[in-house]
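Several structures are given next for inspection.
Both of the next two complexes hold chain A, though its partner changes from chain B to chain C.
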Partner chain A sequence: MPPKYNIHTSPVPNRFQSITKSGVIAWEEGCLKCARCVKKECVYKVYEKRSLDTRQMLDTLDSECQDCFRCVQNCPNRLIQKGLNPTYKVLGDHYWTPEIISSLWFQAETGRIPVSGGGYGGPFSGPGFDAMWTDMSEIVRPTRDGIHGREYISTNVDLGRKLMFLELGPDGSIVSPAPPLVEIPLPVIFDILPWSPPREKINLSLLECAQSLGTFTVVRQSDLTPDLEKYLPHIIVHVDGKPENLPPELIKRLRMIEIPDSENVMAVQAMLKEENPQLVVIIRMPLNSNASERALQLTGQGAEVLHLYADEYGLEEVDQPLFIKERVKEIHLRLVEEGVRDQITLIASGGIAMAEHMAKLIICGADALTIDIPLLVAMECRVCRRCKEGIACPVEIDQVDPAWGSARIRNLMAGWHNQLLEIMGAMGMREVRRLRGEMGRAMFFEDLEKEIFATMGKRG
Partner chain B sequence: MPSEPQKFDFPDIKEVPSRFRNALGRYRIAINKSCNNCGLCIELCPYGVYKKGAKWPKAACDHFCTGFTCSINEFYCVNRCPEKAITVTVNPAFEILGDRRWTADLLASTWHMAETGEIPHQGLNYKTGDSGGGFDKLRFIFPKENRGNEEGFEDVSTAIELNRSDDSRPKITIPVPFYLGGMSFGSVSIITMLSRVRAAVALGTFCCTGEGGYPEELMDYDDHIITQVATGLFGVREETIKRVRIVEFKYAQGAKPGLGGHLLGDKVTPRVAQMREAVEGSALFSPFPFHSVYSVEDHKKHVDWIKETNSKALVSVKVSTPTDVDMVTVGSYYAGAHIVQLDGSYGGTGAAPDIAKKNIAMPIEYALPKVHKFLLAEGIRDKITIIASGGIRTAYDMAKAIAMGADGVCLGTADLVALECIRCHHCESGRGCARGIATTDEELTGLMELEWGTRRIINMYMAWRHQLIAILKKLGMKSVTELVGRFDVLAHLDYIKQEEIEGELERF
Partner chain C sequence: MDQKSAGLNITIFFCQQLDANQDANRRVLERELGSRIKFFPLPCSGRIEPLHLLRALETGADRVYLIICPEGACRYREGNLRARKRLAFAQGLIEEIGLEPQRLELIQTTQGDQLTIDQRAHDLLARKAAFGPNPAKLQGSRGQANNARTLEPMNPGTPDVYQGVHYDYSGKKTFI
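So, the complex of A and B:
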């Protein structure tokens, strides 16, 4: 058995104090100076530990408080109150919600998965990824990963074109050429960021982390500088200029390259593979209503990997966009129907904000996926998008120490990896490769609503 | 059908105020220094907001205040105060209390019911939360002719039978269609555990031990205890199985379907460790699944083992809600279970990964109708008792779950809220619950008294029972058993409009 894939974590403190949901408001005026002040009785000792973060002029009180309300409820003159933090409320947007952002911060800081008591407190369902649930298995399944695991769960995936069968020569030797495959230990690749402050140090953080995890970072051809050379085995070069301009020695040293879809994309692929037959070529194409047709076509023409992308909200960049999971489902099923699904690798991206999105998108038919904004959030990004306007980053992400940045991202990925194991463990699955397209092991909002609620109230 | 319903003598309501100095309500009242202590406010307020103080009146119970809506009344204190010394404001804490499932309104309503045994009068929504789906979008369709019929509450039966099989084991009728779910000793304090058990005794129903052994303090209440056999087998002994009338197998739980229980090291005190035959201070994991059960035949062996050990006990099987929950239920029936408890994915009290709570397995609102219809088609629906749990917060949720196919429900979180849980979700951290509910820390456990806890839970459930009867009466039913599986009395606001209905939909 190969060694178990394990992502090493260690706590990596925030550089800036994080934004909490609520704040303590305590008045001094009217204080009765009780001998046993409620502040001294705080279980979490937040008042004792209290200090002022001089750099940001922020009180540490709010980040320590656990919302037990005992001081609020016991102060005889009711001088302590808790209120909603207005800064928290406006974090991110409707999709990148304050809850998602603070959960990502927690994971990047601690390397742990979010655990809490008291049941679930969120909405019943929602649009997009929130309109599906994953399956579990009551009894019949093998031992799960984790503390008790005798057999472990593999999260490895292969990127590249796969053979459906081998052709043998008259002497029994294999004559079909084996296309190159790249194996990554978790189904996540770091993508080009949709926006960021100047990205030199950010790129270094991403690359350092991709290397330590054994995965890849997509880097624009135009961003390739000589100092990135040592990371080449973990770089997917995104060809944003003329492919002819790529130095042949570079192409020879790469394991994967990404080219945008175009009319002559297969010719470009052929040219690159001519230069380096071991190169895996990814074709980046937008999700839209033509995507399944195009995917089928490209598969027929010998494409190896398709990278299907949506925008940062998981939506197609067209007038009446479909959400990524719906379109990926459609493409997957179309390729299955035509009997070619297993020949090609599908990577999907856009709007993947939480570990659960990763598992759900794989269930809907993606082999692997790429992420972008969560990488920034791991480095304390507040999704304010001011960098898009050229305004300075409030948390100075352009200044991060790459060692710090990569450790934060590694923590986040460890959290995601463990959460993927939780989901697969509950389903009784031991291979993320087998999770792909397993829609029968998921429950979809639309189906359940139709089956259960739509008929209620009707007589007879 | 239970033979002699309504013979049960239900406990009286006794008011039990908050353990804390300032109860939390939607409004806050301040009396400024111009107060001349005339005492008019104390006299006027019918809700008992004001109490006599040393120098001037105190708004000691402003959680009973009905706020600005009161201004239409001639007794509105703000207007009547001769010195204009009273101001009413919205409590800023109300904005951050609770969440989409347990809204601030639901928390405050539950606290109100636990304190007074009455339905809240403050205009709080005590029926639904704000989750935007499931129970929160379902409404009863009440035929117009039954509206306003407030008499004859005694004639309506809320009793259910737990043994509906034809075997020779005893029938067990409980006078209310619910029992209390498993929370282990270790995850909650002994006071919390005993409060729940004693409330179950007073209400003639049961309380489950959870997976943490059978503390000797419970022995006086054996006849009202369900002992749990879960995957870790913590504290399970032949002797404890022999002692009870119902034994529950926990295959999975809704909060973390497909994952085992987890008690953090901090909570494993010497007492907890001894009970569980484990080492003090080291974290305890229950494996998942039962490593002795990999097929339905193995499951039958399990059930037979319990039946052999205790020849009188009923066997309950607690499962979560996967895609094939209907098949699982049928399998349990054929293996000989009397009760199947379906634990939906949104409930639970213990520590669980957030990803599991939200995403794994389906909400109970989907699972119940699926199972009910499947059992009907199999012709065995009347041979088994279906208990729903996982996200049942109110009397209305309970009634809806029954209308969707459950015989009764199982509760946990509501009990904790009655004990003034504020749902901060930090049960698992450090010394445990800061409010002394889910903790084994001695000092924190001391924050609550047994009699107080018992009474709070009884009060809340008496208010629930009252609401259930009111619902049944409005539906023209004489027994809660008539409500089982009546999809026709429910409407989902997304799919049916008032115009399409003969009858009335409630706003909340």
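So, the complex of A and C:
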């Protein structure tokens, strides 16, 4: 058995003050000048360590505060007012919520998994991934030692086309050549970012991290620069120009390449594989109502890997969009029905914001997935999308030190990897490859609703 | 010449209660003027401290505005009254070092006006440029290092100011 995959983490401090959920709202006046001021009694010494970030005019008071409210409660004249920070409330949008963003920041900063206590106060179910619950039937004993100690849970996945059987010659030799396979130690690939400030340093951060994790980063053909050469074994080149313009020596050195779906996509694949037979070709195709038919067609024609993408909210870019998990489920089941599912690898992307989304999408039938916005959030992005409008990034992500950026993303991935282990441990699964398509290990809100309420309210 | 064409650096502190959609509204100006205009939303104008205003001047602003809610309309009761006093206090401090106190200015909104933050900023930019660039801007290497500088202690040399004692803004220029 290969050694246990472990992602090394270390705390990586923020460059900017993070936006906190609570903060001082206003300072009252009328100090009584007590001999023992509550500010001096702060157990976290936040008032003594106070400083001001002049770029954002943010006070360390808010970010260092642990919300014990001793000062608020004990000041005899009630001079300190703390409350929900309005800036926090407007972070991101309806999908990339402040809770998701701050949880990603926490994971990227500390490398730890977010643990929330005090019970769950949220709604029973919600849209998208929140309408899905994973099985936890195996939590029958303390699992800590199991998952992180002696038990071996593999998160490796294989990308490429798989043979369903071997053809043997009369002399017993194998005559069906095995197609190339690429194995990655966790089912995550770093995707092209939907928006970002100038990408040079961001790409370096992603590549540095992909290299240290053993996974891949998708880089546009037009973004390839000579200084990325040392990362070539971890680059998936996304062909955004003419495939003929790719230098043959580059194709020969690549392990994976991504081409957009088109009429003659299989011809392009054949051309690329002629240059480098060991190359795994990924076909990037949008999710829509025709996607399952197209996936079936491409599988029949010999496609190796399909990258199914939705937008940043996990929705299809059509009028009546379906959420990614529904469509991936449909495609997976269609391929299963036709008996070809195991021949092909499905990578899904769009709207993956948390570790649980990763596990849920795999349950819906994806072999692996790619992530984008969480990578930016790991580097302190506030999902304000100013860069998309051509405004300078408020946290200067274009200026990140690649070593810092890569360490932040590594921390985030360590958090996600550990959560994936937790989820699989709770299900009693030992292989992420076996989790794929295991819909019996999850409950879907729509199914439950139908099961329970379908017979009610029927007239006549 | 108005302040926009004079190329002045403007910093605007404002109460977030004034414009619920401030983050989207201010973007057009941010794109147009880049680092020449800086918006700092506050949860309540009562959160402002003289140090914010002084640091804004120190880090390159030529004019600093503080936009507060109409009198009697503060969501946290008296935040706007406190802001007024703190700005006056900071004005006194900059006057003492020879700067025009009007570089810091309070903009009191009026009841019923529904202007968005960008409309207010446009009004301010269209004002006549009464002063040139701020002479207190850091010169030389320290000035260039402004962007690199992130956290600065709030209380250099006066440890009591922030640790144990609230400011007394009663018009006297003493802390205690």
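Annotations for the structure displayed:
Definition applied: the second predicted complex is superposed on the first by the 409 of 460 C-alpha atoms of A that agree within 3 Å, B and C clash if a C-alpha of one lies under 4 Å from a C-alpha of the other, contacts with A are read in each partner's own complex, and residues count from 1 in each chain.
By our rule, contacts are C-beta pairs under 8 Å (C-beta built on N, C-alpha and C of every residue); 3 or more make two chains touch, one makes a residue touch a chain.
All figures in this text were calculated on a predicted structure; none of them were measured in a lab.
In the superposition on chain A, A:43 contacts chain B only, with no contact to chain C. When the two complexes are overlaid on their common chain A, residue A:86 makes contact with chain C while staying clear of chain B. In the superposition on chain A, contact of A:53 is made with chain C only, not with chain B. By the touch criterion defined above, A:24 lies against chain C but remains apart from chain B after alignment on the C-alpha atoms of chain A. Judged by the touch definition given at the top, the superposed model places A:15 against chain C, while chain B stays out of reach. Residue contacts after overlaying the shared chain place A:124 against chain B, while chain C stays out of touching range.
With both complexes superposed, B is the one of chain B and chain C in contact with more chain A residues. Shared-chain residue A:438: touches no atom of chain B or chain C. When the two complexes are laid over each other on chain A, chain A has residues 25, 81, 83 in contact with both chain B and chain C. The residues of chain C lying in touch with chain A in their complex are 13, 16-17, 23, 27, 30-31, 34-35, 40-41, 43-47, 49, 51-52, 55-56, 58-59, 76, 78-79, 82, 85, 146-147, 149-155, 162-169, 176. Note for the complex: chain A touches chain B at residues 21-22, 25, 43-44, 66-70, 72-76, 78, 81-84, 103, 113-126, 133-141, 143-144, 147-148, 354-356, 359-360, 419, 422-423, 425-428, 440-443, 448-449, 451-460. Here chain A touches chain C in the complex through residues 15-16, 23-31, 33, 37, 39-40, 47-48, 50-57, 59-60, 79, 81, 83, 85-87, 90, 384, 386, 389-392, going by the rule given at the top.
Residues 18, 20-24, 28, 92-93, 95-96, 98-102, 131-134, 136-138, 141, 251-252, 255, 257-260, 285, 287-291, 293-296, 298-299, 319-320, 322-323, 328, 345-363, 365-366, 369-370, 391, 413, 416, 421-431, 434-435, 438, 444, 487-492, 494-496, 500-502 of chain B touch chain A in their complex.
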